[in-house]
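Both complexes shown next keep chain A, but they swap its partner, so chain B is in the first and chain C is in the second.
And now, the complex of A and B:
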């Protein structure tokens, strides 16, 4: 799999303060790559360096195999950035905003018109193209901002905390459009300090703290840092002791225990065997009242590794 | 600094020559004047060339006298050179700035009123140059001294490193010898006797086999019993010889923490969680060294009363944390200590997180393969 983005020993210093510390990572083609870290961990600094908004103190960044400092025009044409702070002109219509930003990337004439309409349609603002953003909700502004970033069809789209301070409807809309963009072949870098979002959409995640990547991998791999088991708690109607030998035979299950009207099953985390467990219980005519999976989430991973919460 | 002063003198002298030439552009050049210029240059170059301090001072005094004489006899402009010379002397004596400046203003009494502004300007400029020069020289001196000290430190460190590696080699050898000695002794005492005893019984049994079968089988039974016991002893010996890995790591850390509580005025605690057997000796070494470093920093800077060490074995990571309850730091500036910890961790594929938001904490994360 080819790398869309390669970061080699990237360092950014502001005076004595090291914001990004010798960071190395690769983003592969077709990934939704998540940057997870607390506020001030260095996520935005890294992104601003990828977007050439900040100078690199040390190290290098390659986009599609080309150094972004040496090929700055190439880099700009192939990166679309949705910044953390909304960057749109309030006194231009939605259409004019997108056309303006797409024009900066060199789109002209009918192609410019076509792509502008396409981008607005994509973020669900096709019918609002003549409205002014000052009347928009936070979520709509965010979506317009995304349209501005994608109209020139970049290979890599960077979204820096795109769901901060917006309503749940717009949030879902944005998460869905991230998936859609990814299906269309875009590689996406997504930063957030909302663990749930990163867990939901990202295919690979880097946990960043104090400017360093402290762990990297799929969410399963990251969770496996803490434990490779999960517990499934099944609430049942009866508290009579049941014969649960059959459950132990299911792949991945390492222990089964009944505590009154709860069956606690310890299983290997990477094996998805919930269906088979439930099927077996139905076959044994056990009446199920609730099913709960006790697995570590990324928040627990972060807490365990750093000793701090993501939202401190 | 001498070069600076010389350049200063040359500049002022050049100014004097040009001015006096411009004042009388038509007249012939006065040979006396020429002689004075050259003599002045000669005296000042001598200052540069002589090495001994008192000779230097002598020539400086001489050149001041010369300048004063020239001012009075030949050209009042020569007074402009005076501040430079006063500065030169003062610099050599290392006088206070204010004193120097006042000294420089003293000749104002003999300066003609029309030259006064020019004199003041020269004095100020020279003083400025002197200040800059002396500041830079001081800085250079400090840097040089520091470099020298670092070179010495490096040398002594290299020496002690060599010595300790030699000592290390020696003691490894000694320990190996001692251990071999102990092992052979133990094998001789326990196993050797048993085997010899069994052998004698078996020989006897062979001799008696034909004549007294009952006796022979009894002897054989004895031999078997002795051999069994011997085998058991071998097992025990081998078990004693092989150390349990965690005895090295966690116990050393525990000792370190106990010593800390006794030696310093802090409460130190150690907690561990998970299967610490998976930690390899190399990883223990990194954990130990980083903990020592972090604790040293905590004692030095944090004004902490509680230092806690935590070793936790997760599923694919080993986490070692040193936390103190001191003031922490909003901005962590990486010094050699932190860099060293990072390097050690990196040598085992790990990272170090330094956080100063709640007290100060240093977390060493080392990956390991969970089989």
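And now, the complex of A and C:
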């Protein structure tokens, strides 16, 4: 299977701070490649290097077999980026926005017109082409943000959290668009904080933490990491942060995390330690409201591997 | 081609913004009318240029100079300037301050020192202009003197006798600006300076808008983006300036002299200077800092450069400050063109504009090239 994108020993430093640390990964043709990581994991930094927005400190990135620094124009022509922040001109109509950016990719005349209309149609803004984005809802702006990235028909589309802060309708629309783009032959890199989204649409996933890929594979492969793991959620009455060090010391427990009035505990499945956990909480005078064991999902994988929640 | 796309986009965006129209067209034209009519009495009170009185003292021992000087005096007396030699013990500066003379000149072998009246700014500007021409001649002559005294002497004397000093500045004794003329010029140049505000958002705007990301991700060089934006911004601001200029000329009937080409060249270089100044500021400061510097600079430069009223050049803080205002040299240059009918009088302004513009552009290009992702 051919690789659309090869990242080899990629490092990015900001001063002394290492944001991306010797990262290697491949994205194959036709994939929807999920990029999962907590805030500050280095997702955007990696993406920005792929899109030539940041210089590479060390290592290399190849797009369709060509080094992106040596073949900068080629790389840029074949990449479409949907930035994390909405990047559109409020004082230009939806149509003018798409046409302007597509024009930067060398499209002219009737082809430019066609592609612009096609992109707007694709994100469901065909009837809004003459409207100004300042009157758009968050979801519509996100969709326009996507249209601006696809009109030049890139081989690789990079989406950096394209569904942040929007209504469920727009979100579904966007997820469907991603699938449709993929069906049309685009390879997609998709980052998100929403585990369900990634589980739903990505064919392969990399989990990034502290600038490193700590796990990579299909969701089945990733879940296989945690077949010997269970996740217990304990509902408590308070949402004050508690000191949970004692729980971590209990045999089998690999990660403990409090999220408002839920304590999430990841533990080895074969060790029966639920009693000890509950005893500890009673001893700490924590009022328990519920206890449930979760079916392992990507969230568990993430928690197991990083000891942290995906979302803050 | 992309340069063109980017420039056109810039122009379109500006034309679409109602605020820009208010600010760049309505505001200067309204101010022009208000100040022009409200202050017209103040302007009518100033003396006519025909009333110019020059007091002088000659310390020179050099014969060439004094021969030249006397020829010069005769020539300007013929043009209606009253010339009086200061008696011993006269305090020339005091005489001017007391408004008995338009200016006081001390002629020595080293050159001419001139002290002009602030009460008759136009008159003293014209006197200063004529003296400058004389001084130029004189130093030319003294340079020539070292080679050939005969020719040098000839230069000075012939010059004087032929009224050449005067013809060079072609004095119109009764020509003086009405207040509408003054404010037509002052407001037009003020709007030219305001181009810096627009320019300072050229890149910082893309940064806050996040659209810089798209520009940088597109297969377009930083150079093309930079050039396109600068051209677009210059064109649109020059357009505003020219509209104000044309309305003031044809609707308000303001006097812009006879050398429109030169006037437009001064305005063009002023806009280029303002645009590059704005760019420089946008790379030196961030966010609120850009806005603050813009506000302070445009206000102080407008005030000190004579946008609201002519600045007293006789000394003091404001006149010192005015030297740092581009409007000061631009307005002085335009006055030379309009009121002394001397198209070359603005070369100083043009040179200043172009030099500062070049410096700021070089600085900006350097920053853009060096900065990672340029403006992301």
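One rule holds in what follows: the second predicted complex is superposed on the first by the 244 of 312 C-alpha atoms of A that agree within 3 Å, B and C clash if a C-alpha of one lies under 4 Å from a C-alpha of the other, contacts with A are read in each partner's own complex, and residues count from 1 in each chain.
Rule of thumb we're sticking to: a contact is a pair of C-beta atoms (placed from the backbone, for glycine too) under 8 Å apart; a residue touches a chain by one contact, two chains touch by 3 or more.
Please read these numbers as outputs of a predicted model, since none were measured by experiment.
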First, second, both or neither for A:53, with chain B first and chain C second: second
Chain B versus chain C as contact partner of A:88, first or second or both or neither: second
When both partners are placed on the shared chain, which of chain B and chain C touches more of chain A: C
Contacts of A:194 with chain B and chain C, given as first, second, both or neither: neither
Which superposed partner A:104 touches (first chain B, second chain C, both, neither): second
First (chain B), second (chain C), both or neither touched by A:233: neither
On chain A, positions contacted by chain B and by chain C: none
Residue ranges of chain A in contact with chain B within the complex: 16-18, 209-210, 212-215, 224-228, 304-308, 312
Residue ranges of chain A touching chain C (in the complex, touch as defined): 48, 51-55, 72-73, 76-77, 79, 81, 83, 85-92, 100-101, 103-106, 148-149
Parts of chain C lying in touch with chain A, wherever the complex brings them together: 2, 5, 9, 12-13, 16-17, 209-220, 372-373, 376
Chain B residues touching chain A - in the complex, by the definition given at the top: 312, 314-317, 319, 321, 323, 331-334, 351, 353-355, 357-358, 361, 363, 365, 370
